[in-house]
Every structure is written in structure tokens, then in C-alpha cells.
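Shared between the two complexes below is chain A, which pairs with chain B and chain C, respectively.
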Partner chain A sequence: MRVACQQDQLHRGLSAVSRAVPARSVLPITQHVLVEADEGRIKLSATDAETIAITYTIPATVAQSGAITMPSRLLSDFVATLPRDEIEMNLAERSRQVSLSCARNAASIGGMDPDEFPPIPPVEGSGAIAIEADRLRQALDHVVFAAATDDSRPVLTGVHFAIGAASIRLAAADGFRLAVYELELPAGAPQEREVIVPARALGELARLLPEAEQPVTMTVNAAQTQVLFDLGHATLVANLIQGTFPNYQQLIPASSATRTEVSVGEFRQETRLASVFARDGSGIVRLTATPGDAGSPGRLLVTARAEEVGNNEGEIDAIIAGEEAKIAFNSRYLIEVLNVITTDRVAIETSSPSAPGVLRPVGDDRYVHVVMPMFVQW
Partner chain B sequence: MSVPAGAAWPRIRLLPPEVAARIAAGEVIERPASVVKELIENALDAGARTVEVAIEGGGCERIRVRDDGCGIPADQLADAFERHATSKLRDEHDLFAVRTLGFRGEALAAIVAAGDVELVTRPAADPVAALARYRDGRRERLGGAGAAAGTSIEVRDLFAALPARRRFLRAPQAEARAVAQVVQAYALARPDVSFRLSVDGRAALVTDGAGDARAAFAAVHGEARARALLAVDHERAGEDGRVRVQGLVGPPAEHQASRRALYLFANGRSVVSRPLTHAVEEAYHALLPAGRHPIGILQIEVPPDEIDVNVHPTKAEVRFRHERLVYAALATAVRETLRGAPAPGWTPAVPGDQQRWEAARVLLAPRPAGLPVARPSFGVSPEGSRPDVEGHASVAGDMAAGHGQEPLPLSERLPALRALGQVDATYLVAEAPDGLYLVDQHAAHERVLYERIAAARASGRPERQPLLAPVVVALPVAQALLVGQQEEALAAFGFELDAADGRAVIVRAVPAVLADRDPAAALLAYLDRFERETRLSGPDRAVASLACRAAVMAGDRLDLEQQRALLRALEATETPQTCPHGRPTLLHVSSEALARSFGRR
Partner chain C sequence: MTIPSPIPRRIAHFDLDTFFVAVERLKDPTLVGQPVLVGGRGPRSVVATASYEARVFGCHSAQPMTQALRLCPQAIVVPPDFASYRTASEGFHAVLREASPLVESVGLDEAYADLTGIGVAADGPREAAEAARRRVRGELGLAVSVGIAGSRTVAKVASDRAKPDGVLDVPVGGDAVFLAPLPLRDLPFLGPRAEERLRAAGVRTLGQLAQLDERWLLATFGSHGLGLARRARGIDPEPVHSDARAAVSVSREVTFGEDVTDLDRLRQVLRAHAEEIGADLRASERRARTVTLKARWPDFTTFTRGATFGQPLQTTEQLSSAGASLLDQLFVQEGRHPVRLIGLGATNLVEDAVQLGFEDGRLLHDQQLDRAIDEIRDRFGNDALWRGLAPRRRWR
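Then we have the complex of A and B:
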């Protein structure tokens, strides 16, 4: 193998694929990146051989095609420090030593037999779905954070994709909250089905999406065990999570006693301030909604207290329909959902201090977020 | 021994047989779990296919073990209760090639000395069963009865005649858990035998006896864990003997805080052995997070004449003739299995639990909370230094060697601390008017939470985070028993739990301090912590477990704002200098000591 490519492109490619390299592994080769050069391009691949694989293709001048694996960490760290210039890579086939040179720097890295690299499964299936990259990214941003990070209930570590004829409904839940986003599919989906994609893989996908120049195609294999997201220059393959996702529709309250509409920016700001005080408590932020009367507008009071250090109270204007309401939430849950809402205003629907609260962006009915309140002394 | 003045020394006499029997019984029978162990071994030696164990009152009130084994012929029943009466050995040579679990002929004699016993037994070929009843160590009845084939033995009022022994027993729930551990171990050792354990009438463990080790492991530790296990099979033969290792071990992603889920068996006998455990852990070297231990079942088989099981009264220890061979075989067997996994073929897998691990926590010797502790100085706590910061530690050591610091009274509040940063993602560095402070973030947070949880508990209305939808959590046997025992304490902290079928509980809410993690994980983590929290007792123990679970770990990165919040909260505590276990939370280097160390004074 003899190739030349640009430092910035190789750097970007390595950063992208190295996210699939496991932190620790019994298979030393999974700590490596597979580098394959042919037909004017270099394809980089990495996988944990268990749940996720990422490939990334960059343009290159290929004098002689070939393949080798190199330690991911070492290669990434070295390439990252090189100047923005052309990098040449030469592989001595017999010794599996790769000599890299860039400007006035040179290094030699020992590789392993590319045939030993865990094969990345080909994902072929009938109904590939084309999704516009920035719309997909927006959908993922709205739900991925709500998935569980602990695997005591594996299905909750994934995002449920309910693929319908004209839309995909994405849902994630971790026991305390639920996020549901309706992603429209102008091009439609050829086949209705349900899959659960690991949230971790979707987090990595969301990182890759800003670079995508064409619609992303999503393919699920016939056995419904793997999913492929193809971005053109990059691909991500993930093992689907097997199991039944909870029936979440019944968790979304059908009605509410109080609807409080506030500015997302103000609410987020006040919640953040309060969370500073709530942090060393249990993150409890108390909300009190007081409807306005003839002369004055309604207001939402956001408070937190930590016994030892003091308390914080912030007030924001609100349009309140219904009765006065009191409810307490974990500040982290509020901040995380307010961070992803892109509209100017948000509606908080509540029924009682012990019933789930619902947040909806005003003017965008694609998103629903349900949070369980905390039971506290008022 | 004290002799009344003027009295003659008592004569040396042989002890009456009942007294001798009771002393001997104490060696074999320490607690209800030992009775269960002996009886299960008898059942297995009798070729039982099903073994049912039922206990009441932790086993002190009643233990019943029933099997469908070969039974004892009526004419031999009386002899079975004599000391050193056994059908399993004939002469001394047999002692060096033991193939059965029991062999000394002590079990029944010892049990009879410790409690009231009724035994009903019938070999399948005999038309009627034989019954023997013993009270206060003496035979009360020997005769016929009607019963199914096999042996059923019931022990009541254990240690009623041995008050000294009885005093050393723990709470019934704790004894029940010890029994459960014994039954679990045998259920795993013999997946071909169906085991049933019921505790106070409630089924605690059932295995199907279909011969599948994985199924047995699932019955004890849950489906998900069992599914992840990797099969081990390794045989090694050399001039110095032969050994075979078989079983199941967890992949590196499966691990736990205690060594209790790693079961080792030597020729079918459950053994507790540091060196053997070490051999297994060695195979996981660098694959597990610090302070975590592997899980699995490993059966070691050697020819019967190469193992000495007659080392310890309860036979928990064994000696191998070719120790090194056995350790090497064990380590190699596990290492090779791990090397082959995970199969690089993208088999659908349950996601790993790498986030779930906690960093190692080095705890000092037991010390009740609240007792005065010598304020730590750099010079006297070398354990605190970690290899990778040795340089710093030795500088600190030099610094303290000449000029120790002035001890502060323990209850004294801290001065205002200004956070400067974090070292090793474990310690906070802070400045105060009187010099430099180093704070152990975990210990400090533990102290903060400890006081807060204790206060919330005292208020009677704990803050809690309910779940959007209740979740059913299947618990390991021992932890399910713990939930029953801890019901009130759990509720006082904000857990809302309902009993479900068998070993499962329904979780409806978790304490607010644990709300940042998965509800099932929060409960399991709390119970796991509580079980290992042996240094404290009563409500303190529960509060400390919860605080320890919820606190930031060594290794968690904290931003400056979080560091400030933690220090401010620590300043506000009643006893900021130690964590609930008595470990120091901070080290102080006075401005004066700094100045002296740099030769400024």
C-alpha cells in the first residue's frame, strides 16, 4: 500500500471512526483502525465488534492499493499533531510496518493483519428510507438525551423508531421522562416497521450528520438485527436492540388542569440559575404558576433551595390558562429538554404536583416531552 | 480458670459424652446455614434429584430438608446418628480419595447435639419408612412411619441448649441470607439437581435441575447476566497430575462490587479460597475496572486422591496435591475463554455496562462513625498515595516529616474554602486563609449526603422521584430477602416498593438523591452497598449506604462550579472532617508548614 492524502481530511476521518473504538476490549484488534486504500480513496473503519461500526472515506492518491490496521489512539494522536500538509503512507507488507511522512515529520507504526479485523456486517434490506440530514439531526437531538444510560432495562438504552408510511415516530424514555418526536418523511417509507436503535450509536450518528451533503439512507436488514445509516462519505452500522419497547402513548397525559406558556430562553435561564442552588441538593426546582387577572399578567415562579447555602427565586411572565399550579422537577431534566427546544415559547401542562408534566414547543406539534415530577415538601 | 480460695483443684475427668458431642458439634455446626450445608451434602451423596429446603425464623426455629435420594434402610437408622458413623468411608485409605461430599460421619451426630431432630426415611425398595426422633440430644423414638421414598429431616429450635452459640447468631433475616447463599452455591454446583428454597413459606429460589448451568445461574442472578456468560472448558494433564476446569464466566463487561457472584467448586464441593479466586481475577487483569470482581461458576475436577478436603471442620477449605497446576489451569482456562470473546461476528448482544462501574474505594480499618479520629497528616498515611502520583506524595512526605501540622478539634467547622482545581479526578485542591486543603471528593460528598439524608429521614417526609411508569425489578435471592427485611428503612428514604411475584419487586419511586440513575440500578446499587456496609449498624448503616451510593466517585471529573458547590456544602456540615465511615475527608497543610518547607521561615 502506497498512498497520499491531506492531513485535515485524515484527521477528520480518524476522529469520526475512533468513536467506535471500545474503551477496553479483550480483542486487541478492536483498538485498531482498518485502513483500506484503492481507487483514489482511503476507507477508514473501526468497530467494537459488538454494537457499532463506523466507516469514513476520504479522497487520496493511491499509488498502490492495500490494507492494514493501525492502533487507533496512536494514529489519531500522531495525525492530529501534524501540520496541514500532505501525508504519505507506505506499508512494508512483510513486516506490517507503516511509515508515515508529512512535511518534515516521519514516523513508523506497526500494524496488524487486516484479515483479522472483525468483519463489519453488510446490511442489506428492501425498504431503504431517505431522510434529509439536518431534519434527522434535529429529530435525534430531541430524543437521544432522554434514553437510559444504564442497561438494567436494555430496550430503554435505545430510541424506538416507529416507521410509518409518511413519518417516523422516534421515542426515548429512561423511567423518569419520555421524549417523542414525529419526523416527517416527504419521500415516504416503503415499509412500516418498528426498530430500537442504541442511543449511543445515534449520538455518534448525530455527530457525523452536519457534514452530510446528501440525504441519509437508513436500511434495516431483513432479520431486523442491524441498521445501516449511509451518509455517502461515512456509514454507521449498529446492532438493533431486541425486545419490546414500552407502550408509551398511555404515558402522555390526555388533559391538563393548567397550561403555562413561557419564553424558552427566560425559563431556561431561570432554571439554570436555580439549579446552581439545587445542585448540591437533589436538583429540585420548584415551579409555581399563578394565573394573571384583569390588570396583571400571569407569572411563573422558579425556586430552588439548598438548606446550607441559601436559595434562589426567579420570576418570569407567563400566559396561564387554568388554575394555580405547583410542581417540582429535577432541574437537569428541565434544562436538558429546554436545551433542545428550538421554538421561542414552550407550554408546560400540569394537572397536580404528583402527575406527569408535559412540555410542548409552542407552534411545533412534532415534539412532546413528559417528565415525572418530584415529590417534595412545599 | 479461677478456683475458689481453699478449694482443691478439680480432678481431671473425661467429659460426659453429651458435652463432648456438643463441643464437637460447635465445630461443624456454627449457624443454621451449616446445618443446611451438611443436610444438602447428605442429600446429594444419596443421589437425590430434587432437594427441598424450607426454613423458618432464619433456620433457628425450623429447618426442613427433603430429598428423593436412596434413603437409609430402617436397620441402619440408629447407627446413622452415632458419631463417626458413615457409609461413605470404610478404612483410612478411603480418606485420601474421597468421592462423596460428606465422609466424616459427623453431620447427623452434630446436628442432634445442636437441636431437636426428626428424620423420616425410606429407600425406594422398602414398603414403609423409618422414623427417628431426637430431643435434647437423646433418642426419643425409633420406629416405622409412612412416607415417600427419600429422606426428610427436620431440625427445630437450633442451639436452644447452646445459649453461647445462640448469642452469636445474627438477625433471622441475616441467617436466612446465609442459608440462601449455601443453597445457591449447591444449586449452581449441581444444575442436574432441582433445588427449592423457601424462606418463611415464601419461595426464594427454584432451579429446574435440567442440567444447564446457565439456567441455574439465571435462577440465582437473573436472565440477563446468565445470558452474557461465556463457557469455559479446559483440561490440563502433566507428569504432576491432571485437572479439568469447566463452567461459565462473565465477559469483562459483567462484573460486580463483591466477590460473591464468583462460585468455585472443587470436585463438586463449594470452596472459598483466596488463591483460587486470585487465579481467576488474574485472568481478568486490566479488563475490569478497579475494585470490581468477575462473576461466574467454575468447577475444578482433579482425581480424588489429589485433593485433601479434610483440612477444615466445615470443609470450606481444600488442599490440592499439585496446587500450582490447579491455579495455572484455572487462570489459563479463564484467560483463553476471555480471549475468544466477544465473538467477532456481531451476535446480537445486550449492551455492556461500562458506565455502571464505580471506581475503587480504598477504605481504612473499621471505625464507628462519630468517634474522634486522629487528624491525618501527610506523614502517617502512606496508603493514601497512589503509584502514579508517587512524586507528589513523596514531596508531601518530606514536607510533613519535619513539620507535622497542628491537630484541629474534630467538630470544628471549616473555614471558607476556595476551590482551585482537581487532582487525579479524585481530590479537590482548595485554599483557605490558613493554608492549603486537599479534599477527597467522594468522602466529602458522602459526608454531605449523609447529613442531608439523615435529616430528610428524621423529617419523616423524604423527597423522592417517582417513576413515569412503575418498573418490575427481579432481584437476586439474597437481595430479595434484604428488601423484605429493610422494608421500613427503604420507605423512610423514599423508595416506594411493592412486592411482586417471587423475587421481583415493583419500583414506584426512588429517593431524590438517587434520581439521576436508572431506578432498578439505584435499588440494586443501594442493596449491594448495604450488604457490604458491615462497619455500621442500625439506621446509620442504611443512611451511610445510601450516601455512599449517591456520592460522586473517585474518578468523576467535576467542573469548578461543581467543586465550589461541594466545598460549600462540606463547610456547612456538622462534622466535615470525616466521612460516615470515619475516613478523613480532607488534609490540611498550614501556610506555616508551606513556608517552612520552602525555607522561607
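Then we have the complex of A and C:
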């Protein structure tokens, strides 16, 4: 293998695929990146051999095609630090030593047999779905953070895709909150089905999407065990999570006693302020919604207190329908959902201090977020 | 140049007089002047408080009700009403907290207050105590006796001797002189056994106890003996702990009369501990992140095991099942043993708040159940109801 490419492109490619490299693994080769040079391009691949594989292709001048694996961390760190110039890679086939040179730097890195690298399965199936990259990214931003991070219920570490004829309904829940986003498919989907994609893989996909210059195609294999997201220059393959996703529709309250509409920016700001004080006390933020009377607007009081430290109280204008309401939430849960809402205003629907609260962006009915309150003494 | 003399330490012990009876008399003035016994009427009930009129006949608290009624058949028996006592107690403590920044509650009807340096004149502490007494009398209609001295021990002895409805201000530096003529049993924490040993050695008064040879005390009572003698001299550096610094743990333990091998019995006892700890946590609006188990074998080997939870616990059910699994764990690790002592503790206490989950219907149900039970017990006493302990269902 003899190949030349640009430092910035190789750096970007290595950063992208290295996200699939596991922190620890019983399989040492999974700590490596597979580098394949062929037909005017270098294809970089990495996988944890368990749930996720990422490939990334960059243009290159290929004098002699070939393949090798190199330690991901070492290669990434080295390339990241090189000047922005052309990098040449030469593989000594027998010793599996790669010599890299860039400007006046030269290095030699020991590789491993590319045939030992865990094969990334080809994902082929009927019914690929084309999704505009920006819209997919927006959908992922709205739900991925709500997925569970602990493995006690594996299905909850994934995002549920309910693929319908004209939309995909994405849902994630972790036992305390639920996020549901309706992603419209102007081009439609050829086949209705349900899959659970690991949230971690989708988080990586979301990082790759801003670079995508064409619609992303999503393909599920016939056995419904794997999904491929093809961005053109990059691909991401994930093993689907097997199991039944809970029936989350029943978690969305059908009615509410109080609807409080506020500015997203103001509410986020007050919640952040309160969270500074709430840090010691399990992040508790208390909300009190007081309806206005003739002429004066209602108000939402956002308070937090830290035992033996102090307290914080902030007030924002609100349009309140229904009765006065009191409810407490974990500040992190509020901030995370307020960070992804893109509309100016949000409605908070509540029924009692121990019943779930519902947040909906005003004027955008694609998104629903349900969050369980904290039980507190008022 | 003169060195200012240090401000003398002044500790006050406030003790409401026949508290339960006094509250009952506020509710029903016809009880005034009558012999009143607060307590249940059941065959195993005991007297919670006896009015002074009943005490004349030999009635006293902790006495079996049947015995009290034999001594004073004309006594009026009133069932306890803890909700009223709690309200009155809160008012009492609120007055004290305005009198001093450092108040430590030691029960519904008792509290220590550090009055050191209060007021400008030398008798500032006494004036502050008198003012508090007047407020408790005026605002709550209750009589409170106060002892003021240089330490908690002496203040408590003094308040006892100030009863009924009096103030005893032990002069600064006069603590030892004040205690010297008093009988042994007046000293707090001097138990009947120690009293017996001391009497056998010819000791009758606190003054005599104060003079005893330290080596003899050490040999007879261990280090506890030295503490007794020191306190008999009026020396007790224990500060008044502000209630603002809330309890750091709640625990219950029991030593069995006979060692217990039956696992169901041990779990039952843990459950009873959990009931009490849970009620304490709920009353003080706290939750525990950590649950600890303490167990002692007959040979006095003692083990503690703990478990810490992401979501803080409070319900009887949670505490009791945490305790039961710690016990299982201990027996797996150390082998099954007969148990001499078993205790359960809740530590790492945090604010009474918990993140609810979508599937926490059970938790909310348990919380409501616990609160309902607490309320019934507050009103009718601890024995008013107990959880059914169907052996099959309890320990799934």
C-alpha cells in the first residue's frame, strides 16, 4: 500500500470512525482502525464488534492499493498534531510497519493483519428510506438524550423507530421521561415496521450528519437485526436492540389541570439559575404557576434551595389556563428538554405534583416530552 | 490593663410541667384541679402523664394504668392526643428559638437552650429564661420550669427541682455546691444498678460521689464511672446542639432476651425497626441514601453491613426490604448464626425528595399508606395498628 492524502481530511475521518472504538475490549484489534486504499480513496473503518461500526471515505492518491490496521488512538493523536499538509503512507507488507511522513515529520507505526479485523456486515434489505440529513438530525436531537444510559432494561437504551407510510415516530424513554418526535417522510417509506436502534449509535450518527451533502438512506436488513445509515462519504451500521419497546402512548397524559405557556429562553434561563442552587439537593427545581387575573398576566415562579446554603427565586410571565399548579422537577431533565426545543414558546401541562408533566413546543405538534416530577415537601 | 473576665457559660433546661395533662386541660377546662391520667385504658396500657393531683396518690408516668387506677380510683383517664401535643410542642420550641439561637429539642416537652452572653447585665440569661416562660404561659397557656446552670447536666437537675412552674438559677460557679447535697438518683444517667453499687459503698449524695477515688470508680464502673463523678462535680462540657444541624442518622436496635435463630423472627424485628425509622424519617422530612444493618452473635462478634441507593429511601417497605437483603447477605458471607442483637440504621440523610418514575405507582401507594399509618399512630398511639405480617406474602 502506497498512498497520499490531506492531513485535515484524514484527521476528520479518523475522528469520525474512532468514536466506534471501544474504551476497553477483549479483542485487541477493535482498538485499531482499518485503513483500506483503493481507487482514489482511503476507506477508514472502526467497530466495537458488538453494536456499532463506522466507515469514512476520504479522497487520496493511491499509488498502490492495499490494507492495514493501525492502533486508533495512536494514529488519531499523531495525525491530529501534524501540520496541515500532505501525508504519505507506505506499508511494508511483510513487517506490517507503516511509515508516515508529513512535511518534515516521519513516523513508523506497527499494524495488524487486515484479515483479522472484525468484518462489518453488509446491510441489505428492501425498502431503504431516504431522509434529509438536517431533518434527521433535528429528530435525533429531540429524542436521543432521553434514552436510558444504564442497561437494566436494554430496550430503553435504544430509540424506537415506528416507521409508517409517511413518517417515522421516534421515541426514547428512561423510566423517568419520554420523548416522542414525529419525523415526516416526504418521500414516504416503502414498508411499515418497528425497530429499536441503540441511542449511542444514533448519537454518533447525529455527529456525522452536519457533513452530509445528500439525503441519508436508512436500510434495515431482512432479518431485522441491523440497520445501515448511509451518508455517502460515511456509513454507520448498528445492531438493532431486540425486544419489545414499552407501549409509551399510555404514558402521555390525555388531559391536564393546568397549561402554562412560557418563553423557552426565559424558562431555560431561570431553570439554569435555579439549578446552581439545586446542585446540592438532588437538582430539585420547584415550579409554581399562578394564573393571572383580569388584565395581569399569569406568572411562573421557578425556585430552588440548597440546605444551609441559600435559595433562588425567579419569576417569568406566563399564560396560564386552568388552576394554580405546583410541581417539582429535576433541573437536568428540564434543561435537557429546553435545550432541544426550537420554538419560541413552550407549554407545560400538569395535573398534580405527583403526575407526569408534559412539555410541548408551541406551534410545533411534532414533539411531545413527558417528564416525571420529583416528590418533594412543599 | 485589666483582662475582661470570660463570659460564664449559661445553659437552660426548659421542661413543660405535666405536659400532656396541661394540654388536655386547655382542651377541657373541667379537668383543672382533678386527678388526671393520660394514657390508654387497655389491660396493658401505661400512664403517659399523671397530673400533680394524681401523683399525690402515688401515680406516675410509665406505671401500668391498672395499678394507677388502684391507687387513685377517682382519676379521670384521658386518651393521648398526639396531634395536639405536637402543635403545642411546636409553639413551645418556636418561643425558645426566639430566645436563643442555640436550642436543642430533647423531646416534645423538653429543650436545652444556650443562654451564654445573652443580655447586657449579668442576669441576662435569667431574664431571657423568665421572658420565655412568660411567653409560653401567655401564648400557649402552659407552665414551664427552667433550670439555669453552667452545664446541661446541672441545668436538667435544676429544672427538675424548679417544678412546678418555677425557675432555679444556679449561681455562676456554684454548680458543684448545688449538686453536693442531692441524692444520687437526681443525677441524669445514673442508673439503678450504679446507684445500688454506690449505696453499698456508703455513698448517699452527689457530693460524696464527686469525692470518690478515681481508681475505685474506674475499677467498679469503667470509664463510665469517671464520667459520673465528673458530672457529680458539675463538669459536663457537652454543648447544646442546634436543631438546625439535623440528625445525621436514625437507627433502632434490640438485644434479645434469648438468642434468636428463626429467620422470620429476625425479619419481623427488622420490619418493626423499619416502621419506627420510617416514621422518624417522615416526621423529620428526610430520606436515607444508606441503610445499615447491625448484628451481634452470642459471642459478641458484631457485624455491620450497609447498602447505598441512588434513590433515597423512606417507606417502611423500602427500609425493611433493604434490611432483609442485608441480613441475607450477612448470613451468606458469615454463615447462619444465632443472633443476640439486631439493629437497622438509616444514614446519609437527605431532603425528603425523590424522583418519581413512570412505574412508581407502588412507591406512591406505599408513601400514602405510611403517612396514613403515621397519622393514626399520632392520634391513637403506636399500638393503634400494626401491619399484617402474613408470612407468605411479606418476603417475596
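By our rule, the second predicted complex is superposed on the first by the 378 of 378 C-alpha atoms of A that agree within 3 Å, B and C clash if a C-alpha of one lies under 4 Å from a C-alpha of the other, contacts with A are read in each partner's own complex, and residues count from 1 in each chain.
The rule is simple: contacts are C-beta pairs under 8 Å (C-beta built on N, C-alpha and C of every residue); 3 or more make two chains touch, one makes a residue touch a chain.
None of the values given here were measured: they were computed from a predicted structure.
When both complexes are superposed on chain A, chain B and chain C end up clashing with one another. Contacts of A:G203 after superposition: neither chain B nor chain C is touched.
Contacts of A:G164 after superposition on the shared chain: neither chain B nor chain C is touched. Contacts of A:P253 after superposition: neither chain B nor chain C is touched. When the two structures are aligned on the shared chain, A:A173 is found in touch with chain B and with chain C. Using the contact criterion defined above for the overlaid structures, shared-chain residue A:I241 touches chain B, although it does not reach chain C.
In the superposition on chain A, contact of A:A23 is made with chain B only, not with chain C.
Put chain B and chain C next to each other and count what each touches on chain A; the higher total goes to B. Contacts of A:S152 after superposition: chain B is touched, whereas chain C is not reached.
When the two structures are aligned on the shared chain, A:G232 is found in touch with neither chain B nor chain C.
Comparing 221-229, 347-355 or 383-391 from chain C against chain B in the aligned model shows that the clashing stretch is 347-355.
Where the contact sets of chain A with chain B and with chain C meet, they give residues 173, 175-176, 178, 251, 281-282, 284, 307-308, 330, 354, 356, 372-377.
If you check the complex, the residues on chain C that touch chain A are 244, 285, 312, 350-360, 364, 367.
Chain A makes touch with chain B in their complex at residues 23-27, 30, 49-51, 118-119, 121, 148-154, 156-157, 173-178, 198, 200, 225-226, 239-242, 246, 251, 276, 279-284, 306-309, 330, 332, 354, 356, 370, 372-377. Those residues of chain B whose C-beta lies close enough to touch chain A in the complex are 224, 251-252, 286-287, 338-339, 341-342, 344-346, 348-356, 448, 452, 455, 459, 461, 463-469, 471, 473, 509, 512-513, 515-521, 524, 561-562, 565-566, 568-569, 571-573.
The residues of chain A lying in touch with chain C in their complex are 173, 175-176, 178, 251, 281-282, 284, 307-308, 328, 330, 354, 356, 372-377.
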